[in-house]
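For reference, chains read A, B, C and D in written order, and residue numbers begin at 1 within each chain.
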Amino acid sequence: MKLITSLPLIEILILFISAFLMPFVRKNKNIKIVSVTALTFSFILSVVIVINVLQNGAFYFNTGYIDTILGIQLYIGPVESLLNSLFLFVIILVACFSFFTIDSEIRENRIKLFYIMVNLLSASILGVIFTNDIFNGYVFIEVAALTSCGIVVVKETQDNIKAALKYLIMSTIGSGLILMGIAFIYSFTGHLNIDLIHQAILEDYTQYQKALLITIALFTSGLGVKSAMFPLHTWLPDAHSTAPTASSALLSAIVLKPFAFFLIKIMYRMIGFDLVNQFNIITIILTLGCCGMLFGSLAAIFQKNIKRLIAYSSIAQMGYIFFGIGLGSPFGAAIAVYHMIGHAVTKSALFMCSGLMIEKTGYKTIDNYKGLGHEMPITFALFTLGAFSMIGIPIFPGFISKWYLSIECIHLNQLLLIFVVLASSLLNAVYYFPIIINGFFGIENLKNKEYHSKKVETQKLLPIAALILAMVLLGAFSKNILDFISPELH
Amino acid sequence: MALFHNYYDSASIVLFGIGLATLMLNKNLIKKIIGMNIMDTSVFLFLVSKGYIAGRNAPIITDRYEGVTAYVNPIPSALILTGIVVAVSVTAFLLALTIKLYETYGTVDLEEILKVKGDDHEVNNQSSLD
Amino acid sequence: MILSAENLLFLIILIPAISAFIGLYIGMNSEPARNAFYTGTIIIVFALVCFLYPYAKSSSLHYHMAGIMGTGLYLKLDMLRYVMIFLTSFLWLLAHIFSTHYLLKYKHRNRYYMFFILTFSSTLGVFLSEHILNLFTFFELMTVTSYFLVIHDEDEFTHKAGYIYIAMSIAGGLIQLMGIFLLYNYTSTLLINQLPLEIENIGNIKYLIAILIMIGFGVKACMFPLHIWLPKVYPPVPSPATALFSAVLTKTGVFGVFVTLQLMNFDRALSAIVLFIALINMFLGGLLAIHHRNIKKVFAYSSMSQLGYILLGIGLIGLLKDHSRHIYFASVFHMINHGLLKTLLFFGSGVVFMELQKLSLNEIKGFGKNMPFFKFTLAVGFMGTAGIPGFNGFASKTMLHHALYEGTGILNGPFVTFIEVIFFISSAFTAAYLIKIYSALFCEENRAYNSIYKKDVTNKYAIAPMLLLSGMIILIGINPGFLLTILGFSDAYNLHLFTLKNIENALVIAACGYGIYHFYIMKRLRVKTSSDYEYINPTYEWFDLEKNLYVPVLFFLFKVISFILYAFDNILVFIAGKLSSFAKYLFSIEFYRDISYYNRLINLYFKMKTRRLNQKERTRNLFQNSRNNIEGLLNKKEENTRNLIQNSRENIESLIQNEFKVNEDQKINLKRKIQDLSFSLSSITYSIIVFAFILAVLMVSMLII
Amino acid sequence: MQYLLLAPILFPFILSIVLLFNKWEEKIRNRWVLCGIIINFLLLIHNVFILKENRIHVLKLNEFIDIYIKMDTAGIVFCFLVSFLWILTSFYSIGYMHDERKQTRFFIFFTATLGVTNGIALSGNLITLYLFYELLTLFTFPLVIHAGNETALKAGYKYLIYSFGGAALSLFGMFMIFSKTQSLDFIPGGIIQPVFTKELSYYFMAYVLTFCGFGVKAGLVPFHSWLPSAMVAPTPVSALLHAVAVVKSGIFSLIRMSYFIFGPTVIMLIKGNDFALVFILITILTGSFLAIHQKNLKKRLAYSTISQLGYIMLGLVVFNPDSFAGGMLHMIFHAFIKITLFFCVGAIMHITGKTEIQEIQGLGKQLPILMWCFSLSAISLVGIPPTNGFVSKWFLAIGSLQTGSFVIPIVLLLSALLTAGYLLPIITTAFFKPIPAGESVYTEPSPFMLIPIIILTGIVLLTGLFPNPIINILDTIAISVI
């Protein structure tokens, strides 16, 4: 039984070791194989963890087998296990997609570096999700920041480097703030382990009212920068649009989420729901979430470059997640987690489709995609399905998270917020529909476009199709996912 | 007044402010990196000062182990070690990127770099409102 | 069995309706066969009507057919209705014979006959129906089918007339429908025999209901405010149809008014209103008839005034509560006489129109100078209408007059004398305009026609009906009692109409008529032109109810409401347009990430300046657009909206162009300025500034709270 | 056996997928479409009369998303109306689309829309209705932009934005209802039980939102301007969608919402109907007033549809059995009349290429049968007594008078006058204006187009003279609901 509990650590170690082994492999083909095998193996382990958690609930894992909590502790609850397996699932699919597209986008000698970064990034993401120790979380956040900046800069064009630089500087500021937050927490609780801090805070939080407030503010703004909260998002559009397709898919879909989840862990497990609601930081997160939703969609409407458009739409979706957190109720956090999963699957599919479109047409601006639905029908159809989930057509996960958010808003009787939720989904429609319509319909759009002329090889389409299928399944089984998640956050 | 008797906290807060300001306000990349380092060191100072217990010496065992009470609280100092490693790696990465930029643009002034349009073609039609 | 009396009622309506379509089909290939077929059907119907006389005389017939039209079909036949359908079928037969000859030079005859017979069937339906809804249904059917008769000639003039006719009748019909809705709502039954007792206990809402229903019938009965369609519709309609319009369709209106009053069991107030309108009708009809030159218009106004007489009779029934039998038979008798007379007159005008294709007195002067038969028949018609003793007009007018005297006991004196005076003046007017036409048509000298129209009207189809009618007029004139007994008026014979006093009274009226003719018409209305005398018509300058009142008011209302509703129409599109342009402006700032902060400030300044100049120019042409909107060129609505969008699109383009223009020259002088001024904040620092600012705000808010 | 219930909804989808995947030439495809739709109609008859069960839970994802199909009288009436008219329209569109381009794409979406409309008719709860409501927009969109040119695309955008805006509003209302009643199933008489005084404004807001949401599709005034601009679509589309399927499903969802979710008592309590009445009266007047200004025939019919929809909504908002029956009657009659008018206008455009009113002078003489059908239907729409327009107006007026308000009958009659104002000129120009010189000779349209028109005119006249059978059916619904 002991072995099962140590699986999460094994997972992270596999990914790290595979990353360290890669420099010794000579040919690029083998690099890819090594990377994907490591990822699939850890995915299998994650599925085992999920089953284990399903059967006998959450469990702790103390590195070093010492029952006293001196070493680093990992906490694996239903939310963590689910996030872990789903993120890995998406990373594997993006990696398979990158097998074929990465060669054309980055130079020969950089491919090895790219896959090392991918493995390191996934390892650090799992670390951030699992850790129950905030300093360990900080270390994994730093590793994630550096490696994500790495997969951005791997393209090495002028703009790319500038964007990466901007991203790196902003994330260093963020991590500086997080470190200061950790220092503050340590200073008045003396612990680094989340549960111990929680007990310490519960005992005598009245004296540290002001300090507690400042730590929450530090953590929010630090993690906010990293996960593109509204005012601190300026780095995201440049970074995601100039990065290679695979990495921008990874960035938008996966990298932003663990930081937001870390914020949830700090807010609800470290400090506790009732205490957090006393500070009005929650309302600030809520308002920033709403502004993010509206601003993201509004900005996306005026975008010409498709990658920037999808980047802005991920700002909007992050706005949804912060809106969920900002509601301050446990069910709100559960919906935020569900939206993370839903958005991860949809956004990666959308980015990969847009990558294919750019590769086939050679242009990045939307106006050149007229009549594309006729030329590459399957990719465009997948893109449309992804867009439908974003817009909120029933059955898709987008609609379900909007539904639950609104129901939660009514329970907290803030009816105006529903207007924001619906307005932002309508705005999504405003900027996704022109692309779809111009792709499929209109005489002059389809004037000299033969059917299936820009055919995309099936092996590039398989990952996207798998993701869309996962999306639909997520939509279908939303009820049991939420039942699985919500008890833990209460 | 709290400010007067815990010098270390106030010193680290001031240092943090200076680091943050230099990071933000300067155009020169190198100055930004220096600013970032100042910011990190200020945090480390703050953390170490939390672990200090007056009248005890550093948690380094020279020849023999003098018991727990002789030493200062070792955990913050351990944390700072990893913190320093992280800061160093980030600085290294930043410097590498700055060198790359310097090779292409010949200047380290971020403003100059950003004003020159990037090389890949689709960048220029991005910014104008067409 | 199917021929039992009750079913006959339904058959009378059904036969013409079906035969209309069969005739249309026969008419496709052969004209004479169709004419024969139609004559046959009308004769059959006429025969059936005659067959029904004993039933109508003894008791009233009832017929009920469930299911059709939602509420079922209820038909009833009593003496009054019998008279009506007898008159309709008889006159329709004559008109049909006349039109077979009259329409020879016309086109679309097939269509004309179909609608001719359909109107016949719906008129019969109006007279026979007992359920108010059926009455209303046949009334509307009659309107629609007669409308297609009105616009038979397909030229611009008929379409204008048709437009007024259909608009007024449908508007009248809908107001009437409102009355019926209220009636049904309060009494929950619509059968005419059940209604009177229901109506007692619904309080004075019944006045509103009565007025609304009477407006519907008033349009057809050309009561005063609703008479404006008469002079416009009669001239363009082919003469046989005009004859039926004036003789029969107006009777449906009068019959309707009578039924409504019957429902309200002859309430005093309502009868007073009808009486008052009748008086106006009589007087105004006569007055206008004198001035007009087109003989059909003259006859139109004359039938308006004659209807005034009938309505007077109906009004009086209500007022002279207990012995109203006398006045009832007087008005029915006058209805019959008026029917016969008007048909004769319009047949006359038809004959004139057939030959000359003109109707104005100036053109047809001296037409019938040496046409003995034609002159004789029209003379009889004129005498009858004027009420000269020995003709049927005299009999019914004197009966009305007698009723007035009986009324003196009940109504207060001066009121009766007032009616007496109006009665006298309008009869004088009648005599005047009839003499005017007679003299113009037959006595005036017209060299052009002398040579052509030597012998009499040849066509026997035209002259036979006129002779028959004039014969009947004279017969009834001489022995009115005979007709009254048929009508069931018991003491018809001791009426002793031909007393010296009455004859003397009628002759005095005729003399006054001639006096008016001699002094007023000959002097004022006949102007000596170069070669000959010319009739002028001053009424065109007078206040024409339609031109000066109805049309401007309705048109203004229509324009205002359309403009308001047009605003409703695209209020959303307007708001959406404004919002998107605001959002576009808002985000244009965000994307100048390459140009430094200072540049952006200058840029903004330039843009604001240029925006202000376009603003002025744009507001100028916006003002110009809204001006021509306000001028009410609503049909230019499409162009306006298009050039409004055009302008806003041009403005945005010009904005962008001069932005670039501004950018170019601005860049040039800016470059020089930038060299010496190195102060600038890069976009990264720009975003960090934002971030620092927010952080500061966070800190401050923490500390305060 | 239970799954046969889904046949009227799924069968058209299967048919459209079959059409999608095999490239038949025109004749075979037409035959497939025709017998497919007729089979669908037979399936419906089978379900209504033979099948015992009348409800099935297709898919229950979570407590609110559950696809629930239920057959009740109102649903059956609407389903029959739609399926029957679809048969005639398919005949007509085969004739009409003969020499148009992209016909298969047209028929694919044409059959799919039938399935969706049947879905709306047979849905058992508000969320299934909302789902089909959304799908209706998606499936009708390609039909609206069938022409493919710039104006069609613009009209398509407008249609999409309006429909999705409306759907978002009604979704908002559904949130509010669901959070209070925890279930959205349709129960005649409404599912919202005791309404406490403090919740009145809450329910009023929910009612307003759902009303405006579904009102968008039903041509409520401020949200109606997508209808005239969607006239750019080919005539079978505008005939079927903008006279029957799309607008009527808007009306049907309003019926479902106000009679099966809120219930008349609750709506009267929260005075929702007074709010709605104002909008509806404006709709009636705007529709008829602006129709008179339109030169284009199809635009004129579009605005007339808006005004006639106002009638139907009037019948639904006045909570009285007579006016409810009047509203439903007018829904059925208007569907038949308007579809005939659109078919005739479409045939005229197809043969002569004329669209403006002054262009069709004297056409009545060249195309007698077509123009006779047009005139008879136009007259029955105006509501001259023997026709069916009058019957429904009668019930509407009586119903509204019983509730004591004078305004409604007056607006009804004024708009009837205006209906005459914009329909009779078409008849007079067609029949009673001389044929302009140099006009080429036109012959009657192909039998495929003419037979449906004649059948429909026959039905219009028949229901006018013998409306009783339909009235009895509707009375049963009215009693069960109010």
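Here is the rule we use: a contact is a pair of C-beta atoms (placed from the backbone, for glycine too) under 8 Å apart; a residue touches a chain by one contact, two chains touch by 3 or more.
None of these values were measured; they are calculated from a predicted model.
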| item | value |
| --- | --- |
| Selected pair, greater C-beta contact count between C-D and A-D | C-D |
| Chain closest to the assembly centre - both centres taken as Cα means | D |
| Euclidean distance of C-alpha centroids - chain B vs chain C, Å | 94 |
| Centre-to-centre distance between chain D and chain A (centres being mean Cα positions), rounded to whole Å | 45 |
| Chain C and chain D: spacing of chain centres that average the CA atoms, whole Å | 35 |
| Approximate Å spacing (C-alpha centroids) for the pair chain A, chain C | 76 |
| Overlap residues in chain A, where contacts from two or more other chains coincide | 165, 169, 173, 302 |
| Chain B: positions in contact with at least two other chains | 20, 23, 110, 114, 126, 129 |
| Contact footprint of chain D on chain A as seen in their complex | 391, 393-395, 400, 403, 406-407, 410-411, 415, 418-419, 422, 425-426, 429-430, 433-434, 437, 440-444, 446, 475-479, 482 |
| Chain A contact footprint on chain C (complex, rising order) | 583-584, 587, 590-591, 683-684, 687-688, 690-691, 694-695, 698-699, 701-703, 705 |
| Chain D partner contacts - residues on chain C that touch it in the complex | 67-70, 133, 136-137, 140-141, 144, 148, 151, 154, 159, 162, 166-167, 170-171, 173-175, 177-178, 181-182, 184-185, 558, 561-562, 565-566, 568-573, 634-635, 637 |
| Sites on chain D touched by chain A in the complex | 61-65, 127, 130-131, 134, 138, 142, 145, 148-150, 153, 156-157, 160-161, 164-165, 168-169, 171-172, 175-176, 178-179, 205 |
| Of all residues in chain A, those that touch chain B in their complex | 135, 138-139, 142, 146, 149-150, 153, 156-159, 161-162, 164-165, 168-169, 172-173, 175-176, 179-180, 183, 186-187, 192, 302, 304-305, 308, 363-365 |
